[in-house]
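There are two complexes below, and they share chain A, which is joined by chain B in the first and by chain C in the second.
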Partner chain A sequence: MTTKEKYKKVAYYPGCALEGSGHSYNRSTKAVGKALGLDLVEVKNWNCCGAMEVKNVDPKLQTYLSSRVMSVAANEMDMDVVMAPCNGCYHNLKKAEYDLANDAESVEVVGKLSKKAGHKTYESGQVETIHALDWIKEAIGEDGLRERVKNSLSGIKIANYYGCMYTRPRHIFPEKDQGPGSESTSKPHFMDDLLAAAGAENVDFPLKTACCGGAHTLSDSDTSTKLVLNILKTAKMAGADVIATECPTCHSGLEMHQIRAEKTLGEKVDIKILYFTQLLGMALGLKPRKVGVHENISDSMRFLKEKGLA
Partner chain B sequence: MPIHEKSLIRPENLKTHDELVIDGVDVSGHWSTFIEARVVTDYNEALEEEIAALPGGEYIHRCWQCGSCTNSCTVNAINPDFNPRYWIYLIRMGMESELLRDKDIIWQCVSCNKCTYACPRDVFPEGVMKATSHWLELKGHTPKSPSMHFDEVFTEQIVKTGKIEESRTIRRFFARTKQALMQDWMIEMTKRMLRHLPIGMLTRMGLATLVAPRTSNWGAASKAMQEYIDEQEHERAEALNLAALAKRPEQDVAA
Partner chain C sequence: MRPLADIESAIEAAGANPDPQAGAAELLALSEEVLEHWVTAKGDVPTNDEREGFRLLALHRQGAKGDPSFNACRETCREVAYHFNLIKLEPDATEITDRLQMMMMVSSHLYLFISGKMQVAQLGDFCCSSRPIRTGSEAETVKIKEA
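Let's look at the complex of A and B:
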């Protein structure tokens, strides 16, 4: 089976953030999947992957949590591919996959915990974990997308923001940095490719993989505000109207600290923040409400009306 | 020493001479590279081993001090005192008292993993930062950082229910760190959200705060994880000899 066919039906792991603050990402991912004729089967009775927090209490506990999600997809649903739109979930599942393939101690701890918890132990290689970007890029591709665009994003200047967890550390993403056609960890381009195919103009944005301080968004807000402000200002200077995101933590971090910078530092940066799936959905002819634009904290409706998307 | 790390020389160690000529060269005045000679005697020889015993610190021995971590560091760019290379050096040398001068900022690592990406020796500096802040807390050098409180609140909820419901985590975190929940910017954000949020979403969010979402049949997993956490805590306490640390104040009183 080709990758293209393999990705047509995938196990969908939304994760906790997509049921809360990142709901519009959940809504838009599903809507885009439907519009493109791709099949998402939600992982049954999933649990949290451990996010960025559990590893600081114990890294192997995080490996276990992520392995359980993959175990359910492989052993209870008989799926080969798990698709996670959240960078945190995606990263953790890949990290667990790496550890279970390379670290005997992790295998032992996961085996012990899985047995006590009463489910089959996940074994490395049972599923392939992909991000929503890989999913659309591989299953549909730029050409496929171009054919389906009803409402071109032409005239919209976009800074593509990938964040940290999508590319770092690189050893857990062996399929990246494989030359032409593959994703790059130093200069990722899948989001650029997809949005360009939908008609948008990507600006030259140097902070694609900069950090928004998401891990400390509440515990060290001043640091996060400074980091976010830098990202917002740089995107603005690069000429962007919109920052496209692919992670609920980055997205809500940018939105929250855009307001916090305004309130605590008096620095107002007028730039729109939208999930890449929201932009793609609208390019595919969906109304803003269908992709949850009204569920974002920041208000982009007037801008989208001006651009003829609403 | 790289020029950008000159801030490592503490002001009290700088030498300034009103009139000084060495080999016919006038070096009077302020020279930030002349420092007072000093003898270090208070090494903690167990320091590197203790950090290596905590998760994340395992590979600290691989470091050869190239400085790629500090060079790529997100936090260093906004605070030059945040210097992973230097802390790794101090830990490996056992210079605990020098490390303790920076004890209140080490927890601020944002886990962006740029250092891990750049490190040519696979030291995993991000892990070393976490191990070091954990060590500072376990040894009682610092109170638990806000970040550690957040990690604990978060982990407790997952162990209990299998899932995270954000508003509950946020409320508990603010309560545990004794911060006011309704800060100016938080109020502003809530207002802006309420302006255009649909009723359906509000209802769902409201329900989630009343009834936490949970993974079903989570009991056995929850119990297994809690046992594992307790086991690990015990092992770490032994590796860091915390029992002796707890007894020390009594001995001091007795003496």
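Let's look at the complex of A and C:
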């Protein structure tokens, strides 16, 4: 079976952010999948991936939590690909995969906890974890997307912001940096490729993977606001109308601190923030509401109307 | 080394230098100075070595030793070096002023990240660079009871 065929039907792991602050990402991912004829089967009774909080307290417990999600997909649903659109979930599942392939202690802890929880222990290699970017890039590809575009994103200049967890640390993403066609950890381009195929003009954005202070957005808001403000200003300076995101933490952080920067620092940066799936969905002819634009914190409707997308 | 807080305005001034080549050299030196603060705060002597022709990249490597969260600024350092090269190698490019402005924004990000980490050392620890991934065996773990 080719990768293209394999990715047509994947186990979908939305994670907690996509059921809360990142609901529009959930909505738009599902809508894009449907519009592209791709099958998403939600992981049954999924649990937290361990996120940042559990990893902070006990990294092995995080490995177990992520492994359980993969175990359910592999052993209870007979799926061999898990697609996680959230960068945090994606990162943690990849980390668990790495741990279980390379660390005997992790294997032991996961074995014990899985037995205690009463489910089959996940074994490294049972599933492949991918991001929503990999999913669309491989299952549909740029040519396939180009053929399906109904409302071109032409005339929209986009700064693609990947955030940190999609590429770091490099060693948990062995499939990246494998030459032409593969994703790059230093200059990621999959989102650029997909949005360009939908007609958008990508700007040269030097802070694609720069820190937005996401994990400290509440505990140290001032640092996060300054980091986000610099990202917004840099994107604007690069000529972008929109920052495209692929991580709910980054997305919420950019939106919230865009407002906070105006309130606390008196600096307003007029740039729209949209999930790449929202942009792709509209390019595929879906209405803004269908891809959850109304659920974003910032209001992009006027801009989208001007661009003929709403 | 001037106080870290003074570097912010110096970065802004360098970005407005009417001589882009001089401005780029200033920004590179200021970015190095930012990293010197981090290395010094960790109790090390900032290196004068270079990596790939840049002291900035050698300083980044020094700063990341034992502190993987510092890798959150790895690409930012590389972008500073990239923009420096662009300005140096294409002095007649029509967009040279824009490139200097962009280099200033990237240097500013480096400054903001480092100054943030000087206040909250954990910045970047549990997201992108994930200290637990690299130091898992040393991390405190909850005792797992026998099943």
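Note that in this section the second predicted complex is superposed on the first by the 310 of 310 C-alpha atoms of A that agree within 3 Å, B and C clash if a C-alpha of one lies under 4 Å from a C-alpha of the other, contacts with A are read in each partner's own complex, and residues count from 1 in each chain.
We adopt the following convention: a residue touches a chain if its C-beta (ideal position, glycine included) is under 8 Å from a C-beta of that chain, and two chains touch if they have at least 3 such contacts.
Everything numeric here is computed off the predicted structure, so don't read it as measured data.
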Superposed partners chain B and chain C on chain A - clash or fit: clash
Touched partner set for A:271, first chain B, second chain C, both or neither: neither
Partner chain in contact with A:206 - chain B first, chain C second, else both or neither: second
First, second, both or neither for A:234, with chain B first and chain C second: second
Contacts of A:65 with chain B and chain C, given as first, second, both or neither: first
Partner chain in contact with A:103 - chain B first, chain C second, else both or neither: second
First, second, both or neither for A:52, with chain B first and chain C second: both
Per-residue contact with chain A, leading partner among chain C and chain B: B
Touched partner set for A:95, first chain B, second chain C, both or neither: second
Which of chain B and chain C A:226 touches, first, second, both or neither: both
From 24-32, 60-68 or 132-140, the chain B stretch with C-alpha clashes against chain C: 60-68
Chain A residues contacted in one complex by chain B, in the other by chain C: 52, 55-61, 109, 112-113, 116, 164-165, 168-169, 210-211, 213-216, 219-220, 223, 226-227
Residue numbers on chain C that touch chain A, as the complex places them: 68, 71-73, 75-76, 78-79, 82-83, 98, 101-102, 105-106, 108-109, 112-113, 116, 119-120, 122-130, 132-134, 136-137, 139-142, 144-147
Complex contact set, residues of chain A against chain B: 16-17, 19-21, 23, 45-48, 50-61, 64-65, 68, 109, 112-113, 116-119, 164-165, 167-170, 185, 210-211, 213-216, 218-220, 223-224, 226-227, 255-256, 259-260, 262-264, 294-295, 297-299, 301
Contact footprint of chain C on chain A as seen in their complex: 52, 55-62, 88, 91, 95, 98-99, 103, 105-106, 109, 112-113, 115-116, 163-165, 168-169, 172, 186-187, 206-211, 213-216, 219-220, 223, 226-227, 230-231, 233-234, 237-238, 249
Contact set on chain B toward chain A in their complex: 55-56, 74-75, 78, 108, 110-114, 116-117, 124, 130, 134, 145-152, 154-155, 158, 162-167, 170, 173-174, 177, 184-185, 188-189, 192-193, 195-198, 201, 205, 208, 213, 215-218, 220-221, 223-225, 227-229, 232
